[in-house]
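When the chains are written out, they are named A, B and C in that same order, and each has its own residue count from 1.
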Amino acid sequence: MTPYLLRRFAYAIFVLWGALTIIFVTIRIVPGDPASMMLGAGATEEDVAALRHRLGLDEPLPVQYVQFLGDAIRLDFGNSLWLNRPVLSSIGERITATARLAVTAMAIALLVSFPLGILAALKKRTFIDGLVSVVSLLGQSVPSFWLGIMLILVFARQLRLLPSAGSDTWKHLVLPSVTLALPLIGVLTRLVRSGLLEVMYEDYIRTARAKGLDPRSVLVRHALRNMLIPVVTVAGLQLGNLLGGTVIVETVFGWPGIGRLLVDAIFNRDYPLVQAAILCITATFITINLIVDISYVYLDPRIRLQ
Amino acid sequence: MESPAQESGRRIYELVRRRREGTISRRAFVQAVTALGLSMPLAAMLERRGLAALQESAPSGEITIVLPRSLVALDPHGAQSVEEATAVISSHVFDTLVVRDAATGELQPRLATSWQAIDETTWEFKLREGVTWHDGTPFTSADVKASLERVQSLEGPLAPLWALVTEVQTPDDLTVIFKTSEPQGTIPVSAALFFVTPAAHSNDEGFFDNPIGIGPYKFVSWVRDSELRLEAIPDHWAGAPGVQTLVFRDIPEVSARVTALETGEIDFTFGLPADQLPALAENSELRIDSTPSYAYYFNWFNCSREPFTDARVRRAMAHALDLDTIVNDLLQGVGVRAQAPIPSTIFGFAPQTPYEYDPEKAKALLAEAGLENGFETHVIWNPGSGPQDRELVQAMISYWAEIGVTVESREMERAAWLDALLALDWDMDFQTNTVRTGDADFTLRRLYVSSANRTGYANPELDTILVEAAAAADPARRQELYAQACKIIWDDAVGIFPFELLENYVYRTRLTDFVPTPSAVPVFTSVKIAE
Amino acid sequence: MMTSTASNTAESAGLETSPPTQGALATGARKRRGHNRELRLFLWSLPIIVFVLAAIVGPMVVEYDPVKVRTGDRLKPPGAILRDGSRAWLGTDQVGRDMLAQVLQGARISLLVGAATVLFAGLIGLVMGTLAGFYGGFLDALLMRLADIQLAFPSILLAIMIAAVLGPSVANVIITLSLTRWVTFGRVARAATLSAKERDYVIAARSMGAGTPRLLRWHIVPSTIAPLIVIATVEVGLVIIAEASLSFLGLGTPPDQPSWGQTVAHGRDYLNRAWWIATMPGLALSIVVLSVGAFGDRLRDYLDPRMRGA
């Protein structure tokens, strides 16, 4: 397993470098400039030029790039231009808030989609199956901001059951995590269903059945276990995406997550903050997917990491 | 500038407070109060009733406020210094030398008790005695000097206001002298936007994540994009605030913000779209205070680009708009027709002859300029800059189409818009603007002198007027000069100045004694909670 | 969100290994089931056909004029009679434009964005995936790492950057979305290529001296098409939703060519006062995305031999 991990680590470094390089270049190509954003609409050209010089933005791009890579290796990302404080502390706070939301949403999605998916598979091609399929698709078929606002209007404004926005208590967590979970339920339910159906026709399951084993124990011991691989893969990818921030849901519900921080940072052309945020998000994503890959070994003894 | 009566009133207040705390005896209290000129029976009554009154007025309760835009930074000198959210928090935690009275527009003493121009290039401010920072350190002229130098060195948006100040002198702890390179009459006005921070700490790493203030509220905590908490200073020199805890929450989405106000999750917000107001006005649990503001819309023409180099074309564009209908249909409760290139709330405002809605005249003007078949152009704008901006752009484009002018709407994100705006890379620019100081100089000189080159419009006559107006110390003379400037900008149609905006503060009726401000920087010191 | 909500659904469901092969013997019962399946496939395609027709014909019948606003007729509810005597069946928007015309115009834009994006992303994915799978080695590693970078990279960011550089236009929205969505197609195409490469007939063709272009053209590419088409049906819906997300952030189609997502995003502040502005196009959007998704599911069932024998 060690050589495997080493290789994966090398890949991870490559992917991180690639992501950082892409962001470094693109954010500098994009029109807009941190100096004029900091100075506002009243600034003169000389003011902007002076500030650009102070920030080192007038250096040639390759010089800036080498400087940036050097700093990145030492994990020194400097201060945010816009918040005027160390970027890593801002990002740390935000990733925690986003993680709370993402993990809750994923938990809800898994808790709902397993029973739904199994039900649909067992009642294959019945009315129930069709209903589950349509309901699970429905969650994916509405824009999340529309869904979020509707949930606020119904549960906060009309019913007064839940708070509309904020992040203080568990009650604040309900609406945003449900908004995030609904599309996931759609994806995962269908995966559970199709995974289960697929496995049920594998030879070993047929054999187990032919041997007269109780169909229910076959389902639990063999089928469910094997179906976990696609589910875990996709759940891992999705969790990685969610941890990268969910700017829309964070905006609608006033949640202080990394997605909003990142988008605001881009809109403000806050180069240091954008670069560090991308690094953290990419690293989180890679880590989660590595965990997913390693988990395969435990889910399916036939798989060997190579 | 504090009158003797005010002064003794403050002392009596202080004595009552100390008596309540038990730091002076009843006897010492009565003696001290009679020494200030009160009769014995009055002093005795004050001893009994004054205490009760003061006890009632001790800060209590908690209110939750949502600002229209997210708070980005607490540093009142840096890049965010003109952001309203930053100014709101600064107004509570920090303080300014002078303050513009919300009701009268007059400058009032605050950390400075008096100020005067000693000569053409020297302004002297006398500071208030006995004021301390929240950590107990006394407030002195060194704090003012350090803060001003910080404003200048950070090169934030406020720096230009102080660009002419060459030196800050501190002859003693309670005197500050600003020396300017040229005469500058606007120094006291600018001082109303200038927040003083502690000289000893302002440049410490992370100071503004946990600042030590001097205002009526002290900083408690801040979770970015979530919540900021302030606690009242009960023994503040200007009197105790009414509310103990101010909570500033961040809710960017309008629907969520309105819902939170209706359900009572929050108590106070403002800057809502016009279409949200009628429903809120019908809600008996809410109150709306509407007040003219320092903000207004303009639609600039790039006067260095064809065909807007021709003033007739610019005027034609103005005559094409039915502004009364637009105000009536789209801006009810949030805007009115503007009468000058600056809002009527601003010092230096002088009403002009409106461009009446007359499409025929507009077409005739275009024909005169050789454009009888109309032309194609575009307008750049940044969504979210003002109420109903999208609807206004669409409506104006619709009216311009009627006179044969095809206008493309170029909606841009803020950074890209700013880039284009400053580079003069546009035909027309539609935006809101706020005269932060409440004084015409802030807007007119900054934006319309030829050297600023913001619109491609250059007029030496206007330049002379604006420079002289900034230098003059006599308000009457300044008013007269700004009236001339308004007329030139209006008649030459450097832009269309369609609407000035109202600020609508919406809050739950349990709040009382709120004083609306035109600056979109509300202050909650006076607010009380009704039970 | 812009993130690919179901991007890997089909991939991980083992689609790439199951090109369409003919099923086994068809008994009477199976035949009936087969008809059923075709019927369902057809039923789910009906809403799509209706909306495609509406998108083509609608704007010709009910003319949408993005410029003309009638502020006096704004925020009128569905069925209201306007000042000029006409009836607004779906109400009017915040500047008094007819919602019906806007929803029909939106169908045109949204469906165009959905279809064109899937086409471009599919083509990019097909080329990248087939090359990576066919040649393997360094090229494969390079292309797949590029895909990894892109998966790990928040796609919303790329979208903001591209939109800021290129400016708002329907074409640019399509480019943006294609560039952020090719990875799914690429991975599926690669997997299909890998499995096709090992098939007997390909090995046979190769041993008979068939050249690379010939192999790719006649043997490899055709076997990647079926899984790509299934993925495409899933992706069309996701792309339409993703475009709505761009609109929410102010990076969607330009104001004179409003997509459904654009109208929903701009109408969202009116949900408590004039619900129809955001709801009418939202409903249309949801119906289409739902139908396309369900159609995709049925199509996969239909094409997948293992599901057939069930």
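Just so it is clear, a contact is a pair of C-beta atoms (placed from the backbone, for glycine too) under 8 Å apart; a residue touches a chain by one contact, two chains touch by 3 or more.
Given the structure is predicted, the values throughout are model-derived calculations rather than measurements.
Enquirer: If every chain is reduced to the average of its C-alpha atoms, which one ends up farthest from chain B?
Expert: Checked the centroid distances; the maximum from chain B is C.
Enquirer: Point out which chain occupies the most central position, where each centre is the mean of Cα atoms.
Expert: When every chain is reduced to its C-alpha mean, the one closest to the whole-protein mean is A.
Enquirer: Comparing A-B against B-C, which pair counts more contacting C-beta pairs?
Expert: Of B-C and A-B, more C-beta pairs in contact link A-B.
Enquirer: Counting in whole Å, what is the centre-to-centre distance of chain A and chain C, each centre being its mean C-alpha position?
Expert: Roughly 21 Å separates the two chain centres.
Enquirer: Using Cα averages as centroids, what's the distance between chain B and chain C in whole Å?
Expert: Centres of chain B and chain C (C-alpha means) sit 48 Å apart.
Enquirer: When the centre of a chain is set as the mean of its C-alpha atoms, what distance in Å lies between chain A and chain B?
Expert: Centres of chain A and chain B (C-alpha means) sit 40 Å apart.
Enquirer: At least two partner chains per residue is the criterion; list those residues in chain B.
Expert: 255, 259, 413, 415-416 - these are the residues of chain B that touch more than one other chain.
Enquirer: Any chance you could list the residues of chain A touching two or more other chains?
Expert: If we look for residues of chain A contacting two or more partner chains, we find 30-32, 149, 153, 157, 267.
Enquirer: Got the chain C residues that touch at least 2 other chains?
Expert: 160, 164, 268, 271-272
Enquirer: Quick one: in the complex, what on chain A touches chain B?
Expert: 30-33, 36-45, 47-48, 50-51, 81-85, 90, 93-94, 97, 149, 152-153, 156-157, 160, 163-168, 251-256, 260-261, 264, 267-269
Enquirer: Which part of chain B faces chain A closely enough to touch in the complex?
Expert: Touching chain A from chain B are residues 70, 72-73, 75, 78-80, 82, 155-157, 159-160, 206, 208-209, 223-227, 249-253, 255-257, 259-260, 262-263, 265, 413-416, 418-422, 446, 452.
Enquirer: Could you pull out which chain A residues touch chain C in their complex?
Expert: Those residues of chain A that touch chain C are 11, 14-15, 18-19, 22-23, 26-27, 29-32, 124-125, 133-134, 137-138, 140-146, 149-150, 153, 157, 183-184, 186-187, 190-191, 194-195, 197-198, 201, 229-230, 233-234, 237-238, 240-242, 244-249, 259, 262-263, 266-267, 274, 278, 281-282, 285-286.
Enquirer: Over in the complex, which chain C residues touch chain B? Could you list them?
Expert: Listed in rising order, the residues are 67-69, 71-72, 74-75, 94-95, 160, 163-164, 167-168, 250-251, 254-256, 266, 268-274.
Enquirer: Quick check on the complex: what are the chain B residues that touch chain C?
Expert: Listed in rising order, the residues are 254-255, 258-259, 273, 275-276, 279, 325-326, 329-330, 383-384, 390-391, 393-395, 397-398, 401, 408-411, 413, 415-416.
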